[in-house]
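Just below sit the structures, each encoded as structure tokens.
There are two complexes below, and they share chain A, which is joined by chain B in the first and by chain C in the second.
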Partner chain A sequence: MTTNTLPLQHAVTDGAPPAPAKAPSRRSVASMLALAPAMAFAGRAYAAEPPKDPPVFRIGALLGLTDKGNWNALVMQRAIQMAVEEINAAGGVEGIKVEAAIEDHQGVPRVGVDAMQRLRARYDIQAVLLSYSAVGLAVAPIGEEHKIFMLDGGSVTDALVGPFKYLYHNRSVASVVARAVLTVPKQMGFKKMAQMAAVTDDGQSLIRAAEADWKAYGGEITATEQAMSNASNIDTQMAKLRNTNADFLAVWQFSPGPGLVMKRAREFGMKQPIIGVEYTADIGKVAGPHSEGYIFASDYFNPNASDPWPQRFAAEYRKRFNDNPEVYAANYYEGIHVICEAIKRSRAQGGDYFTGERIRAALLANPKVPSVYGGDMTFKPDGTGLKRVGIFKVTNGEAKFQNFAEIN
Partner chain B sequence: MDLFAQLLVNGLGNGSRYALLGLGFGLIFGTTRIVHFAYGPIYAVAAYAAWLAASAAGLPLAISAAIGVAGAALAGAAVYGLAYRPFEARGMSSHSVLILSLALSIVLDSLLTLAFTPSVQTIPEFTAPIFILGPVYVTALQLGQIAAVVAVAAILTLFLRRTRYGQAILALGDNRDMARIVGIDTDRISLVVFAIGSAVSAIAAVFTLLNEGATPTMGFNPVFIAFVVAVVGGLGSIPGAIAGGYLVGLVESLGLWKIPTEWQNSIAFVLLFLVMLVRPQGLFSGLKR
Partner chain C sequence: MDLVLHIGVMICLYAILATSFNLLIGFSGLFAFGHATFYAVGAYATALLTLRLGWPFPLPLIASIVLTGAIGLAIALPSLRVSGIYLIITTLALQVIAIDVMLNWTGLTGGASGISGVPPLTILGHAFGGPARFLPIAALAAALCFAVAYHVGNSPFGRALRAMRENESAAASVGKNIFYLKVGVFGLSAALASVAGSLFAHYLSYVGADSFQVSETVLILSMVVVGGTGNLLGSVLGAAILVLLPAGLAFIDLPQGMAGQLRLLIYGLVLILFLVFRPEGLLREPKRGGKKAPHRNMPDGAPPAMGAIVPLAAREGSALSAVGLNKRFGGIVAISSLDVDLASGRITGLVGPNGAGKTTAFNLLTGFLVADGGEIRFRGKLLTRLRPHELVRAGIARSFQDLRLFTRMSVLENVLVALPRQSGDRLSALFLRPFAVRREDAANTARAMAILAFIGLGDRAMDLAEDLSYAEEKLLVVARLIATDAEVLLLDEPLSGLDGAAMQKIIDLLRQLAARNRAICIIEHNLEAIRNACDHLVYLDEGKALAEGEPGALMRDPELMRRYFK
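Moving on to the complex of A and B:
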């Protein structure tokens, strides 16, 4: 057991990839020999300590339930509740029940901060699912200060990657998805890109990632226009984008924004290919027939994958909600399972195991976790989950998988 | 020049929708002095009523639109009769009524979410014809919005000038106490004003439904636009609401020609600030309907 605990503690303290090994000096070898019995004793004492079980594993979630664009928050909520019910029906985690404490951040960072503080004050929360980049940026410092394990399956902003060691991501971030979808116009030999982005941190992250990638490829950016994610009047932006005669239009917006962009682009006579990073039922509804040919990159949730878990999840989700699961449902369902898996691993180490620090340590010790996307997902030291990003094309209103993006 | 022409057309189209919003909001505020923030959810009710009629009942679009307008009129009257009126009868301050209107807005938004889910609801069978005039693309919806403003302004003007109810509304807007003294049933007239104002906003809501679909929170931005348009144009003035609507629409569209588009939401409020600075009573407040 000693050998298990030491690497674990090492990982907790730095979280960075291990440095190349150095030959120990004679002095340090002597110190280590002197300390060895004490370390062995300490390790045994730690490992032998029985697990201090809480009455319930309460997992927090901050969702934009009453935000103006709350469609995805309600999808997240039902996926979370479904995961909790399934886990409890199977006997909980090591016989202990799981509960979700869901708070509404309304899409407003200040409200998110209050909600996070409420979760701490009421439940002494140790693990929480986050959503929305702006809210994530506001609450992550609180989680960091109080060592709360945070998992974000919704936002794609790169701004949340790096500064917060307790914040993990099970959705591919902007730098990944933007590069993934830009492989398509590169293959087509296009050079001139026009961009339409949301005035959100996610939108800005995607602009930054796409511009860097496209310029490195030798491409030209003819126009960058922006609108609020729930804007209903984007006519000026579309007229300006059309005027630049780009080879293709990149949409760095999220549901239902891309739907209106596609609709108005076609109504304004733009015939260029349109690419993006999301396609949902709402986007399809707003775009109508104008979504035909839309190409997007996204984490690839395939309900028909050969792995039984995605199949089971998709079938149950459809049964419960009469709706097909998409990326938000899959990620928040998966988020609960990831945290429960980490709790299970942490419990095996004994002691006061249900803390944000120990949950994080469990994932650092073994960053591979089962994924509802099929197979395993591996968390990188910066907290981002490595998933394969798929390229999809909309045909007759349905997103059809094309291939996995080849990005370095 | 091609871009300018397209932006001009866009500004006229959106300005028409803003004018409709300002007409309804201005009529309600100018007459009853209630800052009706629940105007937003009522706008959404209109879109959902039209959507239900068209999608669930399969009715023709014109009849569905009429149902949307009627639904909004009923909902607007109900909000006044069941919520604002009891507050006024108890002599509550205008601040209390303002807070009530905000609370109502949140409650109605939530009820709409429960009833219809937050998903977008559209009428997939509808596709707006597009007309190409040289370098300019004009949709039938844009033309429809312009026609709607002309029709609504004409009908409203005639109604206010030629009917007893219209005269009573004008009297109430001028002086509520005096209107009561001369025997006008101010409660009933306020009810009628809420119904008419909501019905006018419903026309804009149906256009929004056809353009981008209905969501429970679709009325959030329109309330603020309606407020800006009504104040810029002059509260309670029909020509003012129309001028205010087109001014906001054109400034928003043409202003973004050279200004980065992330400033879009600020432009209407900058305009409001400037008008308040130069002409606090609004552009047309000196004129009577």
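Moving on to the complex of A and C:
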């Protein structure tokens, strides 16, 4: 079977050094300038006091370890543990050891709240890594009330952006990745889009972002179908999508959903290009040869990049787990490092520095942090991390970097 | 400290859910598998009304209760037609549909994103956010919901629910309106569950479909089963255990990487151990009805003057008459042109070989089957289309060949539930006139005790019906019939399997009832017993009345005897 693929105007060769990080937008710069006096004040306020060191820096993590689709939670867990071990092997943060306190939220908001309260009760947790947007929406008010620094590297929902000032994101959110991948069909001059989305808030966020972007471009949405990401039968949806004769099929789902969509789309005779926002080993396994030509946008993590940190991380990850790291591993590994970097900066200001409020203040004062994706990542005032979003194409089962998405 | 308080809040919310679910499962025997749907409706209604319309407390709570109660009534409808495994499947399907609606009606429910930012519960300007401030509210709500469930569970309505649970047709045969019971308990259970949902929305400030999956119904069911079905305190205990157990397990340090799975494994094992060693739950269903019995120690054989049998005035003519009854089951003619007259003060025997149509005739006369043709009149009034409980209220009651006692209820309650015109059978009276209902129930208890004493079971009043001997069970069947105050009593094989003394005792009782102007009709195979008991016989074969008359004359008819023994 042959499939149509999109020509990519800005394709670069795999392994090429990534382009420099995109400069912050004018609006971001204005926001940072507006916050500058507060940041400067925050810095001065603690400078006179010597730092009050805790015996250990304990960082919490809420993961769906026993959720139905727990594959990514297990990846997150081992990436967190790897980061902690590396940091401690290098002497910890300013000589103080780091520990991860990982709790299972089972993908259920109420259980997530239980876990968050447990982290507070047992460890008086000041920083926590979140995952799964529904759980995030339930626990974020607790973090907000108790001034706990929260960092989400898993969900892409826009619902978590804005209302919570202690919640940061080191994964590009829906409005970014959807627009990024839609640059490809726009370059092709396509007009008719069919969509298949996950029945999750991430899926809905992607639909909202994609529809707004596609309509602004003047495109037409021929059909929108939804299914659970772990659904085993999507034939009804595929039949409807096929009959709309769209120019291309957009898949707003996460692992393992896109795998089945690609497989059934091709088996149903759809030859249109398929685009999406994720490609993992699980997706590749389900899709088999039907993943050929699949194009997706994702935070650009290139394990073969020339930057030393991505290279070192990728090599160590492969050595430990006999597997290639991908976005979830990279984000949660990076999450630990981001928090430790913020702690280090906060400590430099002295006083009772290991608090969620001080960790956040440290990032507000300097929102640029090293990224395992290469170069630096800059947090915007709304808490989202500015990362380079790459466009990838699957060839022989491997995701090959094509170019960085140019989005405004 | 917040963790402890948070656990307290969750115990309160689950206690509400478990007690309300227990009303359905433990009290009513309705294995409906959609309780999380009611929980969800309460949560969504509160979130929407608070956020979008800005309604202040308690309006969202009240609206949630009303809306969820109404949905509960609608979901009750399938239970009127299906039971057991079919009801489980039907309600499970309804829950799946409800989840799909939550996920797909994006404009209303927020779809998979749910509704976030629900403000904390605010009363008179005071916000009850966070576990410390919310716990007293949750505890108060749990106590109130428990009080409502307890009040209903221990009322005549609750007794009727348990009778329905034991045997639906038997409950109908003592005048209970099964439709009202099912619809009422579904509505009430749903309304109570919505209180938990409403509080949940305020407490978590986020409402999403992930919180109301089928697994949530399974969790609530586990709480009911672990605590003990039919015991409301057990539900509270079950809720506490199943909230505390995972919370406690989370404090056991296990190897990272498999801790979550190991904890789930331990949790599952503990549940299995509960079920293996305490299958009936931690707390058994309590025996009810005894505390209010003023004549508990009444000696057996007390005279009926104590009110056991309501005297009826002697009346001429047929009490119950059936003319030209027909009933077919496909190609089989079960009853054909059957005429029956049951007169007051007379014991009529319905005899015939097996398969003659005797029990079918009973079913037609008591509304358990609808006749294809013919008519049934009670004191001249046409009753043909009335349902069983309406016929009992009109004055026609029956027993069953297989007894159908309410075995897990006390002997006293078996009689008490059959007493007619109990205002406590109505939910409205329970809440609007609670003291009048209580007074009436005390009087009814006294009357039930009098009936038991008269029948000779006074000293077994507080025993479970399942603990009676077979002869005592037969007596209890008669006692239950007496309690209905019906004029026409139809007994299906009341003497079978009894020894001579027990048989004579029941025959004496039937005679006493006939002497007090009851029209008695019995189906019986023991010809000696028929000769002793009956004043009049109807000989039935192949669905037709072949002969009727004085027992001795019919039994001397060689053709009838030949057909009987063929």
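Simple rule for what comes next: the second predicted complex is superposed on the first by the 362 of 408 C-alpha atoms of A that agree within 3 Å, B and C clash if a C-alpha of one lies under 4 Å from a C-alpha of the other, contacts with A are read in each partner's own complex, and residues count from 1 in each chain.
Heads up, the rule we're going with is that a residue touches a chain if its C-beta (ideal position, glycine included) is under 8 Å from a C-beta of that chain, and two chains touch if they have at least 3 such contacts.
The structure presented is a predicted model; accordingly, all values stated were derived computationally and were not measured.
A.B. asks: So, on chain A, is it clash or fit between chain B and chain C?
C.D. replies: clash
A.B. asks: Classify the contacts of A:163 with the two partner chains as first (chain B alone), second (chain C alone), both, or neither.
C.D. replies: A:163 sits against chain C, while chain B stays out of touch.
A.B. asks: With the two complexes superposed on chain A, say which partner A:269 touches: chain B (first), chain C (second), both, or neither.
C.D. replies: So A:269 only meets chain B here.
A.B. asks: Name the contact category of A:137: first (chain B only), second (chain C only), both, or neither.
C.D. replies: A:137 contacts chain C only, not chain B.
A.B. asks: Quick one: is A:246 in contact with chain B, with chain C, with both, or with neither? Answer first, second, both or neither.
C.D. replies: After superposing on A, A:246 lies clear of both chain B and chain C.
A.B. asks: For A:108, is the partner it touches chain B (first), chain C (second), both, or none of the two (neither)?
C.D. replies: Once the two structures are laid over each other on A, A:108 reaches chain C alone.
A.B. asks: Which partner chains sit in contact with A:145 here, chain B, chain C, both or neither? Use first/second/both/neither.
C.D. replies: A:145: touches chain C, not chain B.
A.B. asks: For A:226, decide between first (touching chain B), second (touching chain C), both and neither.
C.D. replies: In the superposed model, A:226 contacts both chain B and chain C.
A.B. asks: Scan A:117 for contacts with chain B and chain C and give back first, second, both or neither.
C.D. replies: So A:117 only meets chain C here.
A.B. asks: Given the touch rule stated above, what does A:259 touch, chain B (first), chain C (second), both, or neither?
C.D. replies: first
A.B. asks: Both chain B and chain C touch chain A; at which residues?
C.D. replies: On chain A, the overlap between the chain B and chain C contacts is residues 66, 74, 199, 226.
A.B. asks: For chain B, which residues count as touching chain A in their complex?
C.D. replies: 2-3, 6-7, 10, 13-14, 106, 109-110, 113, 117-122, 124, 127-128, 130, 132, 137, 139, 208, 211-213, 215, 217-218, 220-221, 252-253, 256-257, 260-262, 264-265
A.B. asks: Report the residues of chain A in contact with chain B in the complex, numbered from low to high.
C.D. replies: Residues in contact with chain B: 66, 68-71, 73-74, 199, 225-228, 230-233, 235-237, 239-240, 242-243, 256, 259-260, 263, 267-269, 281-282, 285-286, 288-289.
A.B. asks: Would you mind writing out the residues of chain A in touch with chain C in their complex?
C.D. replies: That would be residues 65-66, 74, 77-78, 81, 100, 102-104, 106-110, 113-115, 117-118, 120-122, 133-135, 137-138, 141, 145, 157, 159, 163, 198-205, 226 of chain A.
A.B. asks: Using the touch definition up top, name the residues of chain C that touch chain A in the complex.
C.D. replies: Against chain A, the touching part of chain C is residues 1-4, 6-7, 10, 103-104, 106, 111-114, 116-117, 129-131, 200, 204-206, 208, 210-211, 213, 215, 246-247, 250-251, 256-257, 259-261, 263-264.
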